[in-house]
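What follows is a set of structures to go through.
There are two complexes below, and they share subunit A, which is joined by subunit B in the first and by subunit C in the second.
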Partner chain A sequence: MLRYIGKRLVLSLITLLVLATLTFFLVKLIPGNPFLDETLPPEVQERQAEYYGLNKPIYEQYFVYMGNLLKGDLGTSLKYQGRLVVDFIKEFFPNSSKLGLTSMIFSWATGLLAGIICSQFKDKPIDYILVFIAVLGIALPSMVVGPVVRYTFGVKLGWLPVSGLGDTWKQFVMPVFCMGIGSLSGLTRGMRATMLGVTTEDYIKTARSKGLSPFQVVWRHEIRNAIIPMITGLGSTIAGIFTGSFVIEKLFVIPGLGKHFTNSVTALDYPLIMGLTLFYGAILILGNLLVDILYGVVDPRIRVS
Partner chain B sequence: MDKNIAFEQNAFDRLPPDSFEREKIARPPTTYAQDVWRSFKKRKTAVLGGVVLILLLIMVLIGPYLSKYDYITNDYTAINKAPYGDHWFGTDTLGRDMWVRVWQGGRISLFIAVVATIIPWAFGMILGGLCGYIGGKLDMIVMRCVDVLLGIPSMILNILLMVVMGAGNIGTLIIAFSVTGWLGACRGTRGLVLQLKAREFVMASQTLGASSSRIILKHLLPNTLGVTVVSISGAIPGAIFHEAFLSYIGLGVGPPNPSWGSLIKTASEVFKEYPYQFAFPCICVALTMLSCNLLGDGLRDALDPRLRS
Partner chain C sequence: MAEMIKKDPVLSVKDLKVSFSTYAGEVQAVRGVTWELGREETIAIVGESGCGKTVSIQTAMGLLAKPAGRIKEGSIIFDGKDITNYTAKQMRWIQGNEMTMIFQDPLTYLNPTMRVGRQIAEAYLQHHPGMKKKDAEERVLEFMRKVSLPNPEENMRRYPHELSGGMRQRVMVAMALICEPKILFADEPTTALDVTIQAQIIDLMKTLKSEISGSIVLITHDLGVVANMAERVYVMYAGQIVEHGCLDEIFENPRHPYTIGLLRSVPRLDTEDKVELAYIPGSPPDLLAPPVGCAFAERCPFAMNICKAWQPEYKYFDETHYSACWLNEPAAMEKWGDITAKGVFGDV
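And then the complex of A and B:
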């Protein structure tokens, strides 16, 4: 087990390093220079370049950059002068993560439950209805669902607040639904398929012939074994939630990191874009690491191979 | 138990040797393609998905020519008009015809999705196939790189590349998708080739003295095709979604070119006032993704006998 975790950890660290290096060199490729202003005398430009270390050879800049990253310095925003990228993260990430975690729990609980219901009532009307909804949910991206839901329940019916986060629980309902619907649908279909696959296994026959009640067979043997392969889907759920947050936070005017990311793209605030991208990348890589470890804990077969 | 089992009088007579005609082949043998087509036809949803997709493709190809307007000319006398007269889908906030823009946007979206799926897949398949077949150092080096690069979320890498290369260009979108798209194909094909290489029919072929190129072309390639088609039919809606997402956050197709994603983005800003501008591109995206998924499910069942239930 330790060996397995160690291997995963090393791979994740290398991936992080590659991501950081890529970001650095890609930023260097962006044409233009922030201090290229013809009205400034060359001496001033030189001073600025020196101050920001831009006149040093590129490998030295690279080491400075990596050192700063280790210290948690992701750079300074261009648009909001003097504000560190880290401050943005500190201020706005809590909102995003609250929203993200809620919609993750929502999509997993509902998705798995719907999948189990489908598998128990295979080829019955309820199965068809749920599978149909799931197929629709996969086909409708959050930027389509979002505006429609917001207009219908927020503006037209007036049941739910259309913007903000943190005042009442009602503000969570629509964003969480819109962000979760995609992975919910995928999970429903995945859980249905694995549940149906598990039913034909020998240990289910054994459990039945022992005389266990149908409920116990489903609860203790089928569901437990069917959930294991679903854990690999956790990584893509996390990625999907982040993608969703860029769209949904902007749409529902939620003061989160996703909204700032989308805005920084429009404002061409390169340091902020790069810093946030790196931050998101690191979180996703760490998330995947945790998922891998969790998978190894739950399924001993994985550790060996 | 019933003890009085009655036998027919001739039950123990010897049968004539030919009575079963067991050497006769009852019906003409089915080829793989016929078999696939037969089981594909059985799934009505998949056929429906295929038909809808073909209809959409036809509309995307001929749609812009059916209208007398083009997708770029502004008409300031007709701004934000709901569908009327010659403007079958109405006009947008700049007085451009929505019908033409929706189909032109579809052209761009679908072109990006298809090209940005096929190119990296072809590359990944070739590289992965080589790695699996040759093995050794090449395999080790390439697979370690793939491991690391697959660890970086593709969305993050796409965003980075689009920021650096400059948004708004169709070519850069295809490049960005290609950089991330080949990884999965490479790993998948390698695994498949490794599996197939150990199978008996390959060994038989080798024993009979077949050359490497014959084994690759005749045995390995045809056997990977099914899985590849299925994966590609899953990757195309993914690419459509990614394009729409990038366009939505402002890193995708730039003006004046429309794409479904950018049309949705522009229209969602005026959704309350002019819902029709939002509805048409959304319906197109949803229909495309839906039919791609249905078609993909049908293809998977039809092409891969092991997955057939």
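And then the complex of A and C:
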């Protein structure tokens, strides 16, 4: 098992190097340059480019960047003068991850539960209601759900604080809900379908023939088998939840990484784009590794010996 | 009939009718069957796929898929109690405890994500509340030894996919017998196994049956297995029992053309090369609209006008042997002579 994880980690490093290379050249393909400003004389712009080494041939820039990267140096921001890319991550990632993790736990717990409930009451009113909500949750993007929720519960009713994160649990409620509703809805529908599939499996007949109650059959025999296909979606959910928080962070005024990621692209802040992309890449890779390990935990048939 | 030989049956099913509601209409899967199971007896119910044999034992055990399937008529008496109208909750005391079932394919009928030891223990723990985990584990090991599973301590921690097909079926047998049931329903227990393993599993079931003094209802279309295990045989066709008799009576002196056809369809090793395999032409009737007359008339080479118009009644040849066929009437006997002697189905 440890050997397997080790092997996967080595492969992950190679993936990250490829990602770094691709991102480096793709970013350079974007027209314009970070110092383009009509109010600045061309000489100043040139001097700035020279200072950051941006006037060198592109392959040379690449080797310099990769060399620094291998030393663990992600460089400094071009826009926020003198600020290390690492500092951005250190300062803003904790907020993003707090929000991301909470909403992931929220969406998984509620989504799976709702899916199980739907499957047990198939074609009954509660099933229709939950499926209807799930369809809405999938169809409505967070920039629609967010303002509606914020206006209703934050502004009109005044129940919940409209901004910030971390001072009280109340600040979590709305952002976590708005961020998790999409994947929650997907999970509800997915879990409903896999549960209904498992119900017709032969081993459920065996379980029933033992005189188990319907609850025991569901709890002991159905849920674990129904979760297996759901785990596949976990890897991308992890990435989605960390990167997709731009709208939510903006809306609820949460100082997270999402804003900087988006701004870095519009400002052509090369080192910041590169650094954050690689950082998200690493999270995605770790997420997928975690999913593969989890697979083995849930399904003994694909366990690595 | 059967009451005469077996007094005080452990299970008796009387005139049972079971139907399923489908989009196409009502499928009459079981159309009035009566059978009995004596204490410490093995009976076989044979017939082709879709003849209602599985449905009738599932109904007896309270495992009918509700609400699509329902008992329309008839009664099920288990151990002196009428369980026909027992609720699902009441049936749960019987299921897995006094009546258990083993199934056709041990791989798909075992939970892939649960260790086999736990799966075996489950029914025992369920029906012995307050049982200590350690004692239950002892019991599991005892039964794993009884079904000759090698290294029980090690194998009880394995998952089904880590065992061979034969071992898995042994797990199923251990699982079904751990509560020492009064009745074991075996729904095609050997169909998914290869031949050498089949014989082992049959021997195992026979030995264990006498050890725990239970009865077995065997469902199969493998007449070799029937000859090996059963004392009495019920032949089912299109949701009805067409013939019943002791093992000898069915194998040596079959009276219903369907039974004769079934027996003739068993591949033989002692025939010459290139003899065409015998079969019964045609297919069973649609149970959405069962025929008014004898259900087998469409495929029966001896069919007469009356067969398609009226259902034949049971006729007793002796205390145990009876069949439902118009050929049992003296007039038909005159026309066809002794059909069992005619041998080949097609030559009529």
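In this text, the second predicted complex is superposed on the first by the 237 of 305 C-alpha atoms of A that agree within 3 Å, B and C clash if a C-alpha of one lies under 4 Å from a C-alpha of the other, contacts with A are read in each partner's own complex, and residues count from 1 in each chain.
Here is the rule we use: a contact is a pair of C-beta atoms (placed from the backbone, for glycine too) under 8 Å apart; a residue touches a chain by one contact, two chains touch by 3 or more.
Remember, predicted model here, so these are calculated numbers, not experimental data.
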Residue contacts on subunit A - larger count, subunit B or subunit C: B
Touched partner set for A:Leu22, first subunit B, second subunit C, both or neither: first
Which superposed partner A:Tyr203 touches (first subunit B, second subunit C, both, neither): second
Touched partner set for A:Leu11, first subunit B, second subunit C, both or neither: first
Subunit B versus subunit C as contact partner of A:Val86, first or second or both or neither: neither
Which superposed partner A:Met274 touches (first subunit B, second subunit C, both, neither): first
Which superposed partner A:Ile138 touches (first subunit B, second subunit C, both, neither): first
Subunit A - residues contacting subunit B, complex: 11-12, 14-15, 18-19, 22-23, 26-27, 29-30, 135-136, 138-141, 143-144, 146-147, 151, 155, 196, 239, 242-243, 246-247, 250-251, 261-262, 265-266, 270, 273-274, 277, 280-281, 284-285, 288
Subunit B residues within the subunit A interface of the complex: 147-149, 151-153, 155-157, 159-161, 163-164, 167, 237, 241, 244-245, 248-251, 261, 264-265, 268, 271-272, 275, 278, 282, 285-287, 289-290, 293-294, 309
Subunit C partner contacts - residues on subunit A that touch it in the complex: 201-203, 205-213, 216, 220-221, 224-225, 228, 298-301
Interfacial residue positions of subunit C with respect to subunit A in the complex: 61, 63, 89, 91-97, 100-101, 103, 105, 108-114, 122-123, 126-127, 159, 161, 172, 175
